[in-house]
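What follows is subunit A paired twice: with subunit B in the first complex and subunit C in the second.
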Partner chain A sequence: MTATLFIQSLLAGITNGFVYGLIGLGISVIYRGTRVVNAMQGDFSLVAGIVLYLCSEHLGYPILPSFLAGVLAGAVVGWTVEIFFVRPTRRRGGNEESFLLVTLGGAFAASAAALLFFGRDSRPIRGLGGDNLLDVFDATIRVHAVWLIALSIAVVVALRLFYTRATIGKAIMAASIDPDGATIIGINVPMMRTLTFVLGGAVGGIAGVLISPLITVNYEMGLLLTLKGFTAAIIGTLGNPFGAVAGGLMLGIVEALAIVFVSSGYKDVISMTFLILIMIAVPNGIFARRGRAGG
Partner chain B sequence: MAAAGVLALAVIPLLASREVVDLLVFTALYSIAGIGVTFLLGQCGIISLAENVFYGIGAYATAYVTTALGWHWLVALVIGMAIGGAVATILAWPVLRLSGHFLALATLALATIGHVLFLEWDWITGGTLGIGGVAQISFFGCVLNTPQRFYYLAWIVVGIVFWLYSNLLDSRAGCAMRAMRDRPDAAMVLGIDIHQLKVKVFVLSAMVGSLAGSLFASYVTFVSVDSFGIERAVSFLLIAVVGGAQTIIGTIFGAAFVTLAPNLLSRLGDVHPLLFALALVLTVIFLPQGIGGFLQQQIRRLFELSRLGGDA
Partner chain C sequence: MNTFEATRRSVLTGTMSTLAAGCFAAPVLAQQSDPISIGAVLSLTGPGAALGQAERSGIRLAEKLLNEAGGVNGRIIRVLVEDDGSKPDIAKSKAEALIFNEKIALMIGASLTASTGAISALTNSEKMPQIALTGLGPAIELTYKSLFHLLPPQALNAKAMLEYTKAQNFKKIGVLHDSGYGQLVYNNLKTMGSDYGVSFVAVEKFEVGAQDVSTQAAKVRAADPEAVYVIATSSVPFRAARQVRITQPIISAIGSSAYDYVRGMGEYADDIVFPEFLVGEDPESHQKAFVDIYKAAYNSLPKNYEAAGWDAVHIAVNALKKAGPTERTAIAQAMREPYRGVMASYNFAAEDLTGIELSSYVYSKLVKTQFTRLTFKAGTKS
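Up next is the complex of A and B:
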């Protein structure tokens, strides 16, 4: 075991960690605003990745507008899901499980639609900074991965400001914590829930356009991303955006160490065991405030 | 009405094509595994996505014991159920301390772990290549080697398992479960050991899951890791949701939906997975009690109408 190899796998782990964190971020945003566990968060990213591919590789647009188109697509899917799936379920008195299942159905639908219109192949996408590499102590990391890390942190900071400073962010929190009270003071609660999904979709879109160049777009990628993102969000306390990224980072590093010290075949066994142990030992995640469940 | 249903089930294989009978055998197998998940969800409020693990344990136990050791299929089936139950006990004891989303995610994590281990422990499971030549079930020299023959065994097992489960539902333990699901605090005050009861139901669902897995292995005579992935766990959960988690008989409708719908829709071409997913979404939104719950409601309404008519 050389130091270079170790650093290399640690860098891969950190990059993956931010990928999981970005997905977890979207799950946290939606949970925070609506108390819905969104099982199709990874599929928001899938759609964004496909739109990015179509714009930048197929139509040959420059990279920045293509990225924006991807993020916009994520937001539109989030809006659609809220209006057509989540809202009718809520109106008919759905419980926690119904929301989970309805979004799970949405995840299958998105994946099936991607298969139908996009095909079975994995598509590679150019990233920010092309395929250039950076040297870190003899190990290498893609320039795009550095962008991914920087932008993830930017998104976390932006969300933090949004929830604490912006009126609409505060309104979203009010609508989530006390819907009746929020209605009385004139907050349009259903609108806030829709906005939450638009925001979650946009975060999923950002995740999608940042992840796709690293892992290639494939119609099956959504569910596994959701699972890993959910893990990240739970480790870092569901509903806490900063926690989701920290949880993702922990998960990514655990996986990297598992690959180095055990074998790559057992990567998922170790990360999933880690998840179960965390949930049993620290049920509210590592950033829970004492005596309160969730964010 | 139940008698008519049983009669219809008994006559179908004489009339229907081999392909249809094959689908109905799978409906039976999925009903057996599905009832475990349905009962967990409907009576205990536990979302289990780990049923694929126990289905796999049953199937691999039968495959390994009948091919590598050459033992009788019945011994293999019992060994499978014993291993399934033992593994479930060890896993459920810590994991069932969790509840709600966390428990659902934990079982999904177990499903992932199970799938990876089925793939990696290829000295026992054959990995991606799988195990072929699994012994078929035979009774007194009559080998159940066609869908028609296997059909009757599968549905008799469904009948027995459903009968046992409906007895359990009506028993003291069933009452305790409903108390635990609806008013956990009250149940605790009444001295119900919630955790122990949950573990027992989970172990039971694992055992019927591995029973279904054993039958599956004997029926198709070939098992590979593809049959025990996350998709399988999700489809078992769908059986419970679509069929209606609070009714036992609904499981059969759920199992029929999961096996027949993709087959019927596949005639429409590549669009079928999309239609299946949308059908699922619509069911969850518009039939929150599942098909079983919906039918139960309609029948009850019919009875009430006829009684009102009689009074007037």
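Up next is the complex of A and C:
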């Protein structure tokens, strides 16, 4: 094995890790605020990616407004899902399994709608820095991937501050931990749940606009992203935003090193074995104590 | 006879007949008879949609033009297209409905090998002629006497890749393939590679639907091959190969040549060679008329699977003209002969019920996102 190959695999692992982590981040945000395991998280990113494509490639808008439009679209879809799917299910006494099934159905519906209206093509999108590559000791990483890593870290820090410093962030946590108590002290619990989905949708939107230029946009990407993001969130303790990113990074790097040191054919076997071992060792994820303490 | 020429001749004959009838003011009694139904089970949704939708376009165009030319001895044909969702169990139930409820004369499809297998067990027991839009599947298909294939077997696809490789004098090959279509082609490459003096210095597999394969591509690059085979039903590995600076020529397979995938490659769609059958941008002389008609109808260029759909309907109509629509064994017998199609020259009397020769392949090269046809033909030096 050459040094270049090792560095290349690390760069790929870190990039993929942040991709998984960003999706896991959105899943954790929504779970943290509503106790809903949202199987549509990858589809928030799908919608954001489609909006980004339409704005930047189809309509020719500059990249920054196109990114903002994508993030906004993710937030709007998050709001829609909470109002039209989750809230009615909760009103009728739905439990965690019901929410999972409802959002899973929504994920398939979103994918089918994307196929119908957007077509089956994979669409490439210019990223931040175009398609330019950075040289790292003869290995390469896309400039856009560096932006993805930097902005992912910024989002994690911003969420940490939001939950610990902002009044509304604390209110969301209160509404999640003890809905009855939160209601007594005047917190509008249903609105906090809606805001959580808007926030989760926006995080999914950020993930979508950052991931789409790396992998192209296609109608099937939503559920695939959700599966990896869910794994990342579980490893890092469901409900802990920082843990989701850390879990994603571990998963991405293990996958990349498995390809280099063992065989690409065993990549998933090794990464899933890794997941099983973690679940046996720490059943609530590697940041379980932090998760309970509120991140 | 070339299918387009046949269609054009029929159109001319039909038009002349109508004019003659009008000139002599003779009473015209249109033949009032039921349409002849042909069933088609295609993958219009799911992973095989890129194939099935292309095939449907070719089928619909052929149906329209053949009916305008008089159909089957004056009776129009009606192609009943059903979607199997790329799933063999659905393909079987759709085929059952077509055979037993719609009373079709023969079957076209399926788009995917597994679905073809599911249908062919049924058509074989019913002695229903079936024109599959796939290559030869499991060995049991060789025992079926009413099943015909319009696509080559994967062994022939692999051979076409190796012919080009040998002509370029490449000996050390890296391979990046997916676990579905790519695995099937690679299995054959592995068997035949040594016959062509080719050794595979790095072989990397990834799952169908993978969104990033840059580590696998980096491993292939590290083996320093002279050329790289990329075989997948996705644009992802092509992008990854170029992004990790694999600068060697890429040789791919027919299943990766769809326009969908090329669009997904973006600017990386460059210096990639495909052995295929129809290059819409520069068709062979016997394909040009079909390409012109297709372009006029759909405002886009056809490729292999559109041509296969077109050929399937023409083959069916030819057989129905000879044998009539009721005797299934006679229809199958009428098909069992050589046929010069738009996509390829077939010989349905051959043992594999396909009869496509290497000489039917043409080689295209993507140069800055555009296909160009190479002068290379299998069995020659470039």
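Keep in mind that, in the parts below, the second predicted complex is superposed on the first by the 289 of 295 C-alpha atoms of A that agree within 3 Å, B and C clash if a C-alpha of one lies under 4 Å from a C-alpha of the other, contacts with A are read in each partner's own complex, and residues count from 1 in each chain.
Rule of thumb we're sticking to: contacts are C-beta pairs under 8 Å (C-beta built on N, C-alpha and C of every residue); 3 or more make two chains touch, one makes a residue touch a chain.
Everything quoted here is computed from the prediction, not taken from an experiment.
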First, second, both or neither for A:140, with subunit B first and subunit C second: second
First, second, both or neither for A:121, with subunit B first and subunit C second: second
Which superposed partner A:73 touches (first subunit B, second subunit C, both, neither): neither
First, second, both or neither for A:214, with subunit B first and subunit C second: second
Touched partner set for A:272, first subunit B, second subunit C, both or neither: first
First (subunit B), second (subunit C), both or neither touched by A:100: first
Which superposed partner A:260 touches (first subunit B, second subunit C, both, neither): second
Touched partner set for A:5, first subunit B, second subunit C, both or neither: second
Residues of subunit A that lie at the interface with subunit B and also at the interface with subunit C: 115, 265, 268
In the complex, subunit A residues that touch subunit B: 37, 85, 88-89, 92-94, 96-98, 100-102, 104-106, 108-109, 111-113, 115-116, 223, 227, 230-231, 234, 238, 265-266, 268-269, 272-273, 275-276, 279-280, 283
Subunit A to subunit C touching residues, read off their complex: 1-2, 4-5, 8-9, 12-13, 15-16, 19, 115, 120-124, 131, 133, 139-140, 142, 214-216, 218, 220-221, 224-225, 255-256, 259-260, 264-265, 267-268
Parts of subunit C lying in touch with subunit A, wherever the complex brings them together: 45, 49-50, 53, 204-207, 209, 211-212, 214-216, 218-219, 221-222, 234-236, 239, 243-245, 260-261, 263-267
In the complex with subunit A, residue positions of subunit B that touch it: 41, 47, 94-95, 97-98, 100-102, 104-106, 108-110, 112-113, 116-117, 119-120, 230, 234, 237, 241, 270-271, 273-274, 276-278, 280-281, 284-286, 288
